[in-house]
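Have a look at the structure below before the remarks.
To keep things simple, chains are lettered A, B, C, D, E and F as they appear, and every chain counts its residues starting from 1.
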Amino acid sequence: MFYHVKELQYQAKPERPDPLFAKKLQEVLGGQFGEISVAMQYLFQGWNIRGNGKYKDLLLDTGTEELAHIEMLATMIARLLDNAPVADQEEAAKNPVIAAVLGGMNPQHAIVTGLGAAPTDSVGYPWNGRYIIASGNLLADFRANLNAESQGRLQVARLYEQTSDRGVRDMLSWLLARDTMHQNQWMAAIAELEEKEGKVVPSTFPRKLEKREVSYTLFNFSRGDDSALGRWASGPSPDGCGRFNYVANPVPLAPAPHLPPAPPYIYDTPP
Amino acid sequence: MFYHVKELQYQAKPERPDPLFAKKLQEVLGGQFGEISVAMQYLFQGWNIRGNGKYKDLLLDTGTEELAHIEMLATMIARLLDNAPVADQEEAAKNPVIAAVLGGMNPQHAIVTGLGAAPTDSVGYPWNGRYIIASGNLLADFRANLNAESQGRLQVARLYEQTSDRGVRDMLSWLLARDTMHQNQWMAAIAELEEKEGKVVPSTFPRKLEKREVSYTLFNFSRGDDSALGRWASGPSPDGCGRFNYVANPVPLAPAPHLPPAPPYIYDTPP
Amino acid sequence: MFYHVKELQYQAKPERPDPLFAKKLQEVLGGQFGEISVAMQYLFQGWNIRGNGKYKDLLLDTGTEELAHIEMLATMIARLLDNAPVADQEEAAKNPVIAAVLGGMNPQHAIVTGLGAAPTDSVGYPWNGRYIIASGNLLADFRANLNAESQGRLQVARLYEQTSDRGVRDMLSWLLARDTMHQNQWMAAIAELEEKEGKVVPSTFPRKLEKREVSYTLFNFSRGDDSALGRWASGPSPDGCGRFNYVANPVPLAPAPHLPPAPPYIYDTPP
Amino acid sequence: MFYHVKELQYQAKPERPDPLFAKKLQEVLGGQFGEISVAMQYLFQGWNIRGNGKYKDLLLDTGTEELAHIEMLATMIARLLDNAPVADQEEAAKNPVIAAVLGGMNPQHAIVTGLGAAPTDSVGYPWNGRYIIASGNLLADFRANLNAESQGRLQVARLYEQTSDRGVRDMLSWLLARDTMHQNQWMAAIAELEEKEGKVVPSTFPRKLEKREVSYTLFNFSRGDDSALGRWASGPSPDGCGRFNYVANPVPLAPAPHLPPAPPYIYDTPP
Amino acid sequence: MFYHVKELQYQAKPERPDPLFAKKLQEVLGGQFGEISVAMQYLFQGWNIRGNGKYKDLLLDTGTEELAHIEMLATMIARLLDNAPVADQEEAAKNPVIAAVLGGMNPQHAIVTGLGAAPTDSVGYPWNGRYIIASGNLLADFRANLNAESQGRLQVARLYEQTSDRGVRDMLSWLLARDTMHQNQWMAAIAELEEKEGKVVPSTFPRKLEKREVSYTLFNFSRGDDSALGRWASGPSPDGCGRFNYVANPVPLAPAPHLPPAPPYIYDTPP
Amino acid sequence: MFYHVKELQYQAKPERPDPLFAKKLQEVLGGQFGEISVAMQYLFQGWNIRGNGKYKDLLLDTGTEELAHIEMLATMIARLLDNAPVADQEEAAKNPVIAAVLGGMNPQHAIVTGLGAAPTDSVGYPWNGRYIIASGNLLADFRANLNAESQGRLQVARLYEQTSDRGVRDMLSWLLARDTMHQNQWMAAIAELEEKEGKVVPSTFPRKLEKREVSYTLFNFSRGDDSALGRWASGPSPDGCGRFNYVANPVPLAPAPHLPPAPPYIYDTPP
């Protein structure tokens, strides 16, 4: 169960309106790796977890914090939309810079949300539930989390460079720091799990049931053998169970397939 | 540029038709972490890369192999759909087990694809381009890749348990082995990059521009302090630049926001 | 069955082309609350209705009119796209205002539709069937209709302010009037049904089967008790069956859940 | 900012597993009118609101409660999936009832989520941000809310009938009661706003700018005049500003449109 | 502008309920090539057309007829859902055939639409606006139409085989005949346009601006030269402007691309 | 199985960066009729084909070539994004033309992909699997292919006009030529199949099972009889099996439907 306080976790106050940046900022609110994604991802992982107390607590802690980040971004976007010059388009178009703003802002901020945020990304595509992952396997999911925080921090860093508004940058510098923590936290949790159960997900699948002859093989399907130069092409594998090998000229191992004709009631091309 | 040979990388031949399993197998063909996702993800990463020869080669090698996996799964699905009892529904319904198959198979396999595979997942939701990530930052993207291969292998392992067809299991055991390799390969590549540039993505963003006072802090937003027990709550952080600390009772740092009224031409609720 | 006449229900003729406004106008054609939504919503409600002659007639009347609104908007959008300066981008970019138009217009209007309308909203997101509701329960659905016409008229009013083209405004003033009628019409129908069957949907579900102790309770989950000040916190409830009460400090009523471990064949994190 | 406690608002404990019902229950978790929709809708309305203290408080109260409902449903779904017979498909198929369960359950519950809930509806379609509305106009939005709670309670009532599990029914009877409250609460808030500002949204748009000659007219576009029998066809309109009238044989008011040819660089059909 | 009569174009009356077939029939109502697609496609083509009277009339004729087909299918689906055994699941599960129906029917038909049709396909995926095409080029679009009617008739024929209900088959035999007409009609229109303007779309693009050296070349990118055996590999081309030729071993014509590093503010992997 | 060489099929080198055109060019990479669509469509058709050697070879040849086109476009887009002025927005806004570029470019090119291509169209909507068709009936599918190449070449021709960059135009002129070939190739294949099996898809459905009395009838549902003037209204039908006829005033053939009330447990409006 949740409780809410109206104060913000951290301030979200721009120096001045900027409808173009409001559009861009939607990416880290409602995009593939935005705050809605991490909030939902951590909460569903926390709710679906079977056992494992401290991980559940960690997931719900972090998921609950991400709800506060959604709130901060929604607030910032609403403020960036204050006084957006959406009326008097004709008039505005006489000033080329304002014309560019009118052309470039998200039209739904003016027409649909009434100068407020929406659960969409920077091109207006709605957030959707296929963005998240909660598989029940914690090692797999913590890797998903580390990825999400890496992509997210990268996007925030890029956004930081695209504005000189000190208020916006102040909030982004907070989010950058939290993403630093979250990357570190998932790295720590991953290390703990890898040590305990091994590195290949899922670790409990009997290794003898896989075709072990290709479990450490790099097939060179792309002409050029630069890929032979990396750590992934020779030497011991990170999971500690094999040695990498490199196949320079891979060949197919099965004949070309031939499918039997479909029955008549399928109405395929007649043979 | 690509070339194709009609032979399969590995065989894809079930012992007998099974339209229900054909539906399930779609998950690892056209689902969030299916073969289309990894093929597209690695190829776009490879095409978008700026410099970095051996990584580009590795990405294009692996992406090209994944195209062969799409092909194997499409072939397997078509064969599992051979002789699907889609005609004579009335007749079939008299046999309760066949009735269950008729009710449970993906109806589009009978109506739309003519007993063939489709680029959709196990509930029929189409593959879409928002599944993949190619950010231009290799450390971020290799983490996305490690996640994709972890989720993917987990799903294949679960599917393995849901069939006793030796032909299907044989192909899945091949895919499991390749996923083992791919997890190892991205782990190796990640280790190499982390060593070179550091662990927090993006590594080049000036750390002094983030709010470093919360860069290593775990906020306890969920009642219960089990989360204080993990490696993420105390001690040195994995990135080697700080020490974790734990805030048991976090408080908001900014006042409740008040947004000014919208201008009249927005037609919000009048004040 | 339908018949079509080529004359328009009302004129749709702008004073001059305006590709930026064409993009915006797509919102009320193919957006969440655009004309395709109301047309489809009323027609499906009318087709799915079981009995109830005058409501069915009303729904089909109104749904059929909305088809005419789609047609008016499609025509208007095509005319706003006349002579869009899509060729000679280089040349155009020398004029900053035209450059802004080029940057701001929907590129699919130039590339995909050949200067015509499309079933998408103002950010180019396609209309989809999940926008509509036809539940078979008329009171529920008429509330959906009242909502759709409220959101729709609000969006048209906002668009009216964003243009000074007298032809566009003339058409919008027609649509505003029709939305006034449609809001009134659904209010009248709702009042009729509420009087007959009661106000809580569905009215036929036995009230004794719900947990009546919380059927009129406002839980204060958000710190601050401003919400105690409204009509919803005390006094008789609108459905005439209870009295509102206010719980200032709500507590959970069930213990923290513990889920049993998954079976081994699911390959979750090992316990 | 949010806080979480691990106890549930109300218990979510089925008598026994039921993977088919788990699939169905996803509708009110991640469907168009499920708990994710109302949580997000109320929170975004609350965050985007400009002024209006008690409404903001009410929205955040209710949105925060809905987060607890998501949690209850996620927990219930995980429990309904305990011991789902997903392994040994061959074996299971011998028992026709289990075969039907295997065919009918959501395959992603076994393959993707590892016996946990997902942010999708009962056919596996992911929740998306276009489901919600937060327009900045409270009267419009409260009508959206009343609609959401009406559709939601209707769906819960239908689900109640489709199970005889006393634990599931117990939780549903709680949700039904809360939906009763929420319908009442939005009705009360709507009445308050309608009294203050009038009934047609948006109330501040100058009525003289609409084509008032058709603001209270019912056009009979569907043959048959049953629709003349309702309260919407004659007498005073609910907004108190006009009288309904009925046009039995509506005619078009504008000529058939003729669009000029496209310029050559659009490559339309040559004239 | 449209008018509606309540009579159906053709009867839509099954012999008996069949909720499984109701699910399947959704494919040709709201699927990629269902009746909503062709209705919308022809109407948008008709509304967007610039000049060309008889084609516009034909498109609006046919689009208006397709609206009647949506109506017939919606009616049929509602009737197939009469008395669906959705209550008493426990009871029903004792009868394995009914259990299979319960597991196999679309759960939204019971929970969301109240035993009515919805604008979705046979797996419950909603119809969306990206299914249709209205490009402004009639030859291109008539080919889209011929394709739609071909896929549509194929799907109806497959559905015909999957039921023995004489009422359903009667309606399908009507739709099959109309699809025969529509295939013939678009073939006739295509022949007329090809004769007038040529066969390659768009016909007005100056042929000298394309790389004519590869305008009639088949590149053999897939090992095996069976493709050399068809009419597409040698002899005069259908457009009458060239002769086909076959390149057995195609080679790349441009060097491997090297992209320059991204600027620092993009935060890509450091060089 | 596939192999890749790093050289491009044809060069993809613009004269200069142009982020606005990069956005537009996404349409033919990841749009409805972009290169991902044709690659996936031909490959799935090739993999799903049952028998028919030369068609399978042709499909895999062409699908494999389309993969090379995706690669060329991805490379071109990355180069058009070189040096995009995404930093220093404030500074840039002083120059109105650069401001227009900033407002008009796809923000995800700067925030998400790090100056690279993405599998989306020109408005940022992701490519999805419902774009393609592989029905198992080759005549139907080759018509889908001819349509795709027609729409595709039309879009490329329009894009050609929207740039004066000689490098971009050079690549587009290559793609135009390949689309010319592909239109010709599918026309040739269609002619071959039509000759062999007849023109109405599916050709094997027994014609006596359709309502042949309306198999060649044009119903005039749209007032005006211009549509009587075309080849589709009289004379022999293209399939050689009938003669067109024209019904000027079509009437419904079935009575208005009446649906029985829903059972109580559905909670529809009470009768």
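In this text, a contact is a pair of C-beta atoms (placed from the backbone, for glycine too) under 8 Å apart; a residue touches a chain by one contact, two chains touch by 3 or more.
Predicted model only: the values in this text are computed from it and were never measured.
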Selected pair, greater C-beta contact count between E-F and A-D: E-F
Option reproducing the contacts of B-E, where over half of them reappear, out of B-D, C-E or A-B: B-D
Gap in Å, rounded to a whole number, between the CA centres of chain E and chain A: 33
Whole-Å gap separating chain B and chain F, where each centre is the average of the chain's CA atoms: 27
Overlap residues in chain A, where contacts from two or more other chains coincide: 1-9, 32, 48, 50, 57, 60-61, 63-64, 68, 75, 78, 86-87, 96, 99-100, 103-104, 110, 112, 114-115, 120, 123-126, 128, 130, 135-137, 139, 154, 157-158, 161, 202, 205, 221-222, 224, 252, 259-260, 262, 265-268
Residues of chain B touching chain A in the complex: 5-13, 32-33, 46, 53-58, 60-65, 68, 75, 78-79, 82-83, 86-87, 110, 114-115, 125, 128, 130-131, 133, 135, 137, 139-140, 143-144, 146-147, 150-151, 153-154, 157, 160, 169, 173-174, 176-178, 180-181, 183-185, 187-189, 191-192, 199-202, 205, 209-222, 224-227, 229-232, 237-239, 242, 244, 250, 252-257, 259-260, 262-263, 265-268
Residues of chain C touching chain F in the complex: 1-6, 48-52, 86-90, 93-94, 96, 99-100, 102-104, 106-108, 110-112, 114, 120, 123-126, 136-139, 193, 197, 202-205
Residues on chain E engaged by chain C in the complex (per definition of touch): 1-9, 30, 36, 40, 43-44, 47-48, 50, 57, 60-61, 63-64, 67-68, 70-71, 74-75, 78, 112-120, 126-130, 132, 134-137
Chain E contact footprint on chain D (complex, rising order): 20-21, 23-24, 27, 31-32, 96-97, 99-101, 103-105, 121-125, 154-155, 158-159, 161-164, 221-224, 252, 258-262, 264, 266-271
Residue ranges of chain B touching chain C (in the complex, touch as defined): 154, 157-158, 161, 265-267
